[in-house]
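Sending over a structure as structure tokens; questions will come in a sec.
Note that the chains take the letters A, B, C, D and E in the order they are written out, and that residue 1 is the start of every chain.
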Amino acid sequence: MATRPARDLIGPVLTARAVTRSFGPTVVLAGVDLTVAAGETVALLGGSGSGKSTLLRVLAGLDDAAGGHWTLPGAAAVVFQEHRLLPWKRAADNVALGLAGPDVGGRVARALAEVGLADRGRAWPAELSGGQAQRVAVARALVREPDLLLLDEPFGALDALTRLRMQGLLRRLRAQHGFAALLVTHDVEEALLLADRVLLLDGGVIAEEIPVRLGPAPSPDDPAFGALRRRLLDRLGVPAA
Amino acid sequence: MATRPARDLIGPVLTARAVTRSFGPTVVLAGVDLTVAAGETVALLGGSGSGKSTLLRVLAGLDDAAGGHWTLPGAAAVVFQEHRLLPWKRAADNVALGLAGPDVGGRVARALAEVGLADRGRAWPAELSGGQAQRVAVARALVREPDLLLLDEPFGALDALTRLRMQGLLRRLRAQHGFAALLVTHDVEEALLLADRVLLLDGGVIAEEIPVRLGPAPSPDDPAFGALRRRLLDRLGVPAA
Amino acid sequence: GGEPADARGDDAPLRIGYQRFGGLSLVKARGAAKNVTWSLFESGPALTEALKAGSIDIGQTGEAPPVFAAAGKIPFSVVGTSEPIPQGEAVLVKADSPYRSFADLRGKTVALNKGSNVHWLLVKLLEANKMTLADVNVKYLKPAEGRPAFDNGQVDAWIIWDPYFALAERPDVRVLADATGLAGNREYVLAAPDAVKNRTDDVRAFLDTYRQTTDWGIAHPDERAAVLAPELKIPLDVTTRALARSAKPLAPVTPEIGAELQAIADSFVGLKLVPGPVDIAGRVDGRFNEAFR
Amino acid sequence: MTGPALAEAPAPVVPSPAPRRPRAGTARRWRRLVSPVALVLAWEAAARVGLLSAEKLPAPSTVLATGWRLAADGTLGVHLLDSLTRAALGLLIGGGLALVLGAAAGLLRLGDDLVDPPVQAARMLPHLGLVPLLIIWVGIGESLKVTLVALGAFFPIYFNLYAGIRDIDERLVEAARTCGLGPAARLRHVVLPGALPALFLGLRLAIGAAWLSLVVGEQVNAQTGVGFLMMEAREFSQTDVVVLGLLVYALLGLASDLLIRFAERRTLTWRRGLRAT
Amino acid sequence: MTGPALAEAPAPVVPSPAPRRPRAGTARRWRRLVSPVALVLAWEAAARVGLLSAEKLPAPSTVLATGWRLAADGTLGVHLLDSLTRAALGLLIGGGLALVLGAAAGLLRLGDDLVDPPVQAARMLPHLGLVPLLIIWVGIGESLKVTLVALGAFFPIYFNLYAGIRDIDERLVEAARTCGLGPAARLRHVVLPGALPALFLGLRLAIGAAWLSLVVGEQVNAQTGVGFLMMEAREFSQTDVVVLGLLVYALLGLASDLLIRFAERRTLTWRRGLRAT
């Protein structure tokens, strides 16, 4: 991941208005409004089956049947909930997929190293563990240095340590390249650690929007962190222990 | 899930001695020793790619190429890391797969209701969200009331509230039926909340075994809980915040 | 089925193989023979193949197929024949073509069915014009393939027998030569050894019927054409024209017939058209000759 | 069955997607008729203006008239029925055998080792070249035609079934095993549904192969059948009947395609879901 | 390619699995020879003890002797070469067309609507029944044989390619789109590799269909080719040469199977991994 001069992006990198999507009679998205500013990280929380993945697919331009209006920047990269690696390409070739420009090999190798898989580049996807495959998918998204990252539970299958490392990686790259990110996650702490703003998807609409103002290096031990965490968990219906 | 009189099982429900497994030159399991007593819940922690899923496959009798000795009870049920639902069967039929005995329909419906999917029984797996599919897989394992449950990150794709509910469900069923469980998880708190014992897989062997003695209703606010949590995280290499 | 005759019981029907335009067609069309089953074959070689397989007891072909069958060591006897039918096969060319005699076809393409009576005619034509097989470009095509090839000018000449001959005779088609003075073009009745040995009476009775029906047909040409046209599914006028020159009385097999066949065989062997040597004269069996007198 | 993998050009910038479109199902069904109809019209036109001589290819109207005549006098029905009977019988026998052997080779290592090599060798045996031997073995009657059809139908079904079984996701089989499914139950719940799409494809190819074999088989001592009808017409250069025969085959092709599509839609509903996500 | 889906009975209780076994690869390869060799031996024995008359089926040794004779005097080589040339040419043409049309129908909705219906109708056209029409259109020379082969090879490749493309996981195509791959790149990186197994299967079936067509094609005005050799032998009831011809086809079948297996192993390594998990 070569450094790239941070761009001065003006205006939101992603806007969506009144996005709707139904499967037959079931309305999953009932009118979602959403904006992501350049360089901003937005976390998207919501119950299982609330429509987070559906929304991400719509925003990525993969869903023809959705209604509403949205714009996407030219360069968006997606990490899906399943890894979606091409089974017939080795890990490194999966990362290199569609990559143009100079030194593709080097960039791929660096990306794999950054997700901790420097030595697994020649493995077939079927030979990777669940967490390894997920990290390759993350590397595939990061290596193209997009303006916007759409991430659907990118760290769900990772152990605590690897997850911390990946969170650190994401923060560092964001500081370096200034990309924006829309991050679906189930982990409230992760949302607070990474995001500038947390959105809550419920009943097919953005039911709550919570800005996170915890400074550049948020810590779970911070009382403000604890308060926000409690507020989010309450909103999600998790009772206090 | 009809109640069943708790059995008096004597001796361990699962024993494994010197289990080894390599993929070509890579040794993944270098000699794992493991015992799970009847009715006991054992959590298995380990880094991404440490061999947890591989071990579970071996113990489930699905791996011919492994070395060592192990015994399995007649009735073991497995929840894999991916959901592995048959795409050509609706959710309910997936749960009913191989189920014999009276009132299969009723048992399946109750199992789906318990994982919060009472109304999704007629959905195809491809129509389920990530978390929903995972819950159907859990229902498929629970409905057969096994002596031993092998669970590979069964709650990884679940939001905080659903995850809590599922943990509660597991605890309740265990109290009811007295089954044993080997639970792979990345969530240290989950391990401590659910398990009687925590095993740490590292370098191809069980590197650490930590008994959890926190009483019947452990709470994260308990100082003993915090200490154990810290100890595990240290062992996993996660630095203190 | 392929079971031999003696395994099928005495009162089992006699199995007859016939070709579309052979003399036996009339027997079938009139329903003259009792207790027989009929099998239709596309060509003589296909019929002798069934003879080999033991699938038929009696069959009828032109003059070359018995030679090829004998070369193939197929067990059969020649039990009957017909008077010569030299006008029943001919060399056809397009009416506007420059060819006036067979000799003009030197270096040209000629289509014919391999192993049939016309194959022998070709040999005789070449011989009469002091040519060899190398002097013409032979294309071996079955009747169904020869017609489109000839119609579309992909071959210069087509040697063919009735009724395909009569069907192809149209204003834009000219007969260059027929077999008159060259080949006998007889029909031959072949019988399986089993049938000859074990069902002599049945075979004789059938051959009797065959001769009577043929004689009736010659005596009543109009009725014959009327019976055969729908059976053959070709127009009445074509049927009439073809029958007028091609339906000849049956004849017994004599040593001369054997010699005639042997000459064909020897000639084919000489031309390396069949792997030799072939003894066909020995296949002639005159025990049913009474039926044909 | 309808979502193409690469149908539309990608739109990395999606400014404003179209509102819900009306169901395009019926429109598409009609559009599928466009090219066959256009082909027939072009053919008729070419014949009318004399571009195609009646010998080369008679006009569709001529062929239809012939078809009407033969259908009216019952000829066509009789021949068609006989051909269909032979094809059905041969398909049943060849298909049944292919199912048994294909399953044995696909499922069992021993079956693979014992069954597959001879089948691979026999695969290239042009069964139509076997006719002289078959005449000796099974005679020249109905059994010859049925045998030829069975031989023709065997291979596509065998190979597609074999490949279909081999392509089943091993992980699903494992999951079924852990659910306590024995071999027979796994066959029923995992292998069969998983191999079904491939089996359908094999069936399609087998039906085509069956007709092909029949055309040749019905030239050996047949008195009925569409193949016989065509052969007879060939001998007498009745091109209109030959083309009629071909047309009948084409219609049978379309009809069987519709049937199989219908069966696929019934049994493979789950794939629609797969496509929708 | 070797892991059967249901090979061994399930063992819910695994008391003590076998220690690492020696690689069974070579053993299996030899085991695959068992049944062909056994078949040939049984055939020879039946011929020797007189169970099979030489007319019904000559002994393998007789056939081999004939083969040796024909090979020694060069006949077999000439005929084989001509047949191979025709088959290769026809496969190339038919296969190429099938690739283009199959890809168009599989990938593009418009292609599907326009190309597929006529192909579905033509699928059942027994191309061997087309011979009289083909003679009018392409003549009686080499082009006739090549056309027949091309027609025979077209359908298996077209159908398998079409099905292979349709079966590709839509989610992978989506992932490729989000990686910025245009239609051409998606074709190359996703569609082609995904459809490759199906394409191989189609190729196998197409090679068989090519020979089948050639046997018939080489009976129309041919002077060379294995089909001609067999037809000529058929006329003289030289069953040994007929069987020799069949044997040659069988060997070609095995050889092409080996070739394709090799190609599959090279290009489909990733599936081994899939099987191992």
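The working rule: contacts are C-beta pairs under 8 Å (C-beta built on N, C-alpha and C of every residue); 3 or more make two chains touch, one makes a residue touch a chain.
What you are looking at is a predicted structure, and each value in this text was computed from that prediction instead of being measured.
Participant: Following contacts chain by chain, what is the lowest number of steps it takes to reach chain C starting at chain B?
Facilitator: Steps on the shortest route: 2.
Participant: Going by C-alpha centroids, which chain is farthest from chain B? Tell me that one.
Facilitator: C
Participant: Kindly indicate the chain pair that has more C-beta pairs in contact than all others.
Facilitator: D-E
Participant: Give, as an integer number of Å, the spacing between the C-alpha centres of chain D and chain C.
Facilitator: The separation of the two C-alpha centroids amounts to 40 Å.
Participant: Centre to centre, by mean C-alpha position, how many angstrom separate chain B and chain D?
Facilitator: Spacing between the chain centres: roughly 47 Å.
Participant: So the centre of each chain is just the mean of its C-alpha atoms; given that, what is the distance between chain A and chain B in Å?
Facilitator: Those two chain centres are 27 Å apart.
Participant: Which positions in chain D touch two or more other chains at once?
Facilitator: In chain D, 10, 12, 55-56, 132, 136-137, 171, 177, 180-181, 190, 234, 237, 274, 276-277 touch at least two other chains.
Participant: Send over the residues of chain B in touch with two or more other chains.
Facilitator: Answer for chain B, listing residues that touch two or more other chains: 23, 61, 75-76, 82, 127.
Participant: For chain C, write out the residues touching at least two other chains, lowest number first.
Facilitator: 49, 52, 144, 147-148, 151-152
Participant: For a test of understanding, state which residues of chain A touch chain B in their complex under the given definition.
Facilitator: It comes out as residues 23, 45-49, 53, 81-82, 116, 127-132, 135, 153, 156-164, 186-188, 219-221, 233, 236-238, 241.
Participant: Can you name the residues of chain E that touch chain A in the complex?
Facilitator: It is residues 171-172, 174-181, 185, 189-190, 193-194, 196, 268-271, 273-274, 276-277 of chain E that touch chain A.
Participant: Going by the contact rule at the top, pick out the chain C residues touching chain D in the complex.
Facilitator: It is residues 1-2, 17, 20, 39-42, 46, 49-50, 52-53, 55-56, 143-144, 147-148, 151-152, 164, 167, 233-234 of chain C that touch chain D.
Participant: Show me the residue ranges of chain B that touch chain D in the complex, using the header's touch definition.
Facilitator: 57, 60-62, 75-78, 80, 82, 84-89, 97-98, 124-127, 140, 144
Participant: Please name which positions on chain D make contact with chain E in the complex.
Facilitator: 1-7, 9-10, 12, 28, 31-36, 39, 55-57, 106-109, 112-118, 120-130, 132-133, 136-137, 155-156, 159-160, 163, 165-171, 173, 177, 180-183, 186-187, 190-191, 197-198, 201, 204-205, 207-208, 211-212, 214-216, 227, 230, 234, 237, 239, 242-243, 245-246, 249-254, 256-257, 274-275, 277
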